[in-house]
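Several structures are given next for inspection.
In what comes next, chain A is part of two complexes: it sits with chain B in the first one and with chain C in the second one.
What follows is the complex of A and B.
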């Protein structure tokens, strides 16, 4: 079972829900065979780890492949620069310059070069960490290096790591990046279920609609959790009712919650109302599975 | 670009810190001496505050999308082997392209022996040139659902906004940036005159700010910081200020945790329209400080 936690708007509570729900479920299933793994796919700003503490199981550098010019082999035919759709290769005088930040690692220039003068070489994107939090809770995160612009390949490889190390018997929760463009789609595309976190404000509603449209495009089953419930207005509830999207949790807006969050601590462990909401969210997910 | 126009970008790293509220307030304060650009194209919310009346809209094309003509396809499988994005589907023996997975690299097009693949321009979204109710020109966009290339759309929005700022001879171009540190952020930051960082004293706020600041340092852009919800955690606020101090980032203002921010947004108002007391003064003072810092 793979559940992605996403949202159109940033700052609505994806990470809050991810870390609280994962830890809540792990506590709930303590002593059973059910295990939980949380993967932070917001590689640009990975925050889940700030709320979790455990033992490092494994750490590895993450690479992608980009072409490197082999001056000796090159005949300056310029085919590569003509082929590249991303302007990631340029001819400057009598040399070829590769701009790795523009390269999409499509391999076209490398494979189609008649002289094999553009072999694909490893290029660093960031680091991946695998942390064990308890017997039945593990955590995986990747962190994009500053200055690397493309998050999608790192998101993909991080998902692959989780897939390779945790089989289907694990509940796999993915903390997705914000937005509706390529990084989000990469994060959620093979999830069984997407939980969209929103807040009951006009901004929240506007971005929720975009996120719902994106998930429809990807044919994803969607559930909604409203964070900061109590502020704003009831337009989000109304929209979800019209769209037939179940609202499975309403995390109350409390100053205490904001304070607990600010310290990097887990809300459900300190605020009973939020523990109840985690239970509700769990029930919402299971009734979806049964349906 | 005429350097008399000062380009200011508002950024936060982390979402939900109040970036758009504050940017909208600055636009309200400066009126027709400012052009606004909403470069948070993934989740563009500025129009909810500024109620822009659109004067011009246009489709935005970026990159390419492969498509296979089944009649000409010999099912040789070369395209599928070439594609590194797993974008070629085969259903009942018919080859087709998954538009979401396709990156538009044209590799398949080059290897297809029967010329059965077309590369077509990809519609990535729409952009709009509008007038806000504060009499600023505003350039904003809507990224197509499941579209790629938000970085290029950001660049387009910025370019259009710069042209208008030059033509209208306004003093300021104010850009609302997107969260994160990836391509849309780099596209909105490069070459700006000043970056206003909006953050909050939480573990995530500080963490994300330090990452986005590293990027700003690399790009050598002048910066200052607004601390929102400053009283939510005094200890973290001190930690944040120590960080800012160590990096020589001036604190533009500290705003208290105040429900008025949400109340204002819920009514579609900026904080300077909603509040007549201390918050309005804080925000007004911040904008004055930003202007001073740019020119210092």
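What follows is the complex of A and C.
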């Protein structure tokens, strides 16, 4: 079971929900054979780890491969620059220049070069960390290096790590990046379920609509959790009702919640109303599984 | 010498385009033959990324010695044009291609 937690708008509470729900479920499942792994795929600014303390199990560097021009082997046929879909190669008549920041590591130029003049070389993207919090709660996160423009390859490899290390007996929760572009699609595309977090404001609704449209395009079943419930208006609820999207949780807007959050602690452990909402969200997910 | 301009349309009287990679097109003036040729950029300017790279490849292909734009060259375009050895002139905006050419010549 793989559940992605996403949102159109940033700052709506993806991480809040991810860390609280994962820890809540792990506590709930204690003594059973059910286990939870949380993966922070917001690799440009991973922050789930701020709320989770544990033991480092494994750390590894993450690389992707980009072509490197071999001047000696090149016959200046221009084929590479013509094939590149992403304009990542410039043919200047007497030389070829690679722009790694535009390269999508598709290998087309390298594979189709008749002279083998564009071998693929390793290029560092960032670091991955695997942390154990308890017997039935693990955490994986990747952090993109400063200056690296593309998050998608690192998101993909981080998901592969989680898939490779945790079998089906683990419930896999993915903390997705914000927005509706490639990084989000990469993060959610193979999930069984997507939970969209929103806030009940015009901004929240506007970006929720974009996120819902994106998930429809990807044929993803979506459920909604409203964060900061109590502010704004009821337009989000109305929109979800019209769209037939179940709202499975309403995390109340409380001063105490902000205080707990600011200390990097878990809200459901200190605020009973939020614990109740985690229970509601769990029930919402299980009734979706049954249906 | 060959001079390339980023322009809104064809001909000497066309206004300069203040974009380079996403310009409407490029006018090439060959001083030796007194020829003026137009190279539309309609296809390339639609691309999401790397339009400056495409335009810089045109500079190389046409073997321009001077490139004049109404605005600024992007970082990728300018790093490539530098490699071709062409001279880069920026900020020739609010004028026609002819005026940009004359302005460039008067400063030489």
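The working rule: the second predicted complex is superposed on the first by the 288 of 291 C-alpha atoms of A that agree within 3 Å, B and C clash if a C-alpha of one lies under 4 Å from a C-alpha of the other, contacts with A are read in each partner's own complex, and residues count from 1 in each chain.
The rule is simple: contacts are C-beta pairs under 8 Å (C-beta built on N, C-alpha and C of every residue); 3 or more make two chains touch, one makes a residue touch a chain.
Note that the structure is predicted; figures quoted are calculated from it, not measured.
Engineer: Just checking: does A:210 make contact with chain B only, chain C only, both, or neither of them? Give me first, second, both or neither.
Structural biologist: In the superposed model, A:210 contacts chain B only, not chain C.
Engineer: Once chain A of both complexes is superposed, is A:90 in touch with chain B (first), chain C (second), both, or neither?
Structural biologist: Only chain C; A:90 stays clear of chain B.
Engineer: Under the stated touch criterion, which partner chain does A:134 make contact with: chain B (first), chain C (second), both, or neither?
Structural biologist: Once the two structures are laid over each other on A, A:134 reaches no partner at all.
Engineer: Of the two partners chain B and chain C, indicate the one touching more residues belonging to chain A.
Structural biologist: Result: the larger residue contact count on chain A belongs to B.
Engineer: Regarding the shared-chain residue A:34, is it in contact with chain B (first), chain C (second), both, or neither?
Structural biologist: After superposing on A, A:34 lies clear of both chain B and chain C.
Engineer: Kindly classify A:50 by the partners it touches after superposition: chain B alone (first), chain C alone (second), both, or neither?
Structural biologist: First partner only.
Engineer: Name the residues of chain A shared by its contacts with chain B and its contacts with chain C.
Structural biologist: In the superposed arrangement, which is not itself an observed complex, chain A uses residues 86 for both chain B and chain C.
Engineer: In the complex formed with chain B, which residues of chain A make contact?
Structural biologist: Going through chain A, the ones touching chain B are 8-12, 15, 42, 44-45, 47, 50-51, 83, 85-86, 104-108, 111-112, 144, 146-151, 177-183, 185, 189, 199, 201-203, 206-207, 210, 213-214, 217-218, 228, 231-233, 255, 258-259, 261-264.
Engineer: In their shared complex, at which residues does chain A touch chain C?
Structural biologist: 81, 86-93, 95, 97, 99, 102
Engineer: Which residues, counting only chain C, touch chain A once they are in their complex?
Structural biologist: 47, 49-51, 53-54, 56-57, 60-61, 63, 76, 79-80, 83-84
Engineer: List the residues on chain B that touch chain A in their complex, please.
Structural biologist: It is residues 13-17, 20, 42-43, 45, 48, 63-64, 82, 84-85, 100, 103-107, 110-111, 143, 145-151, 178-184, 186, 200-205, 207-208, 211, 214-215, 218, 229, 232-233, 235-236, 257, 259, 262, 265-266, 268 of chain B that touch chain A.
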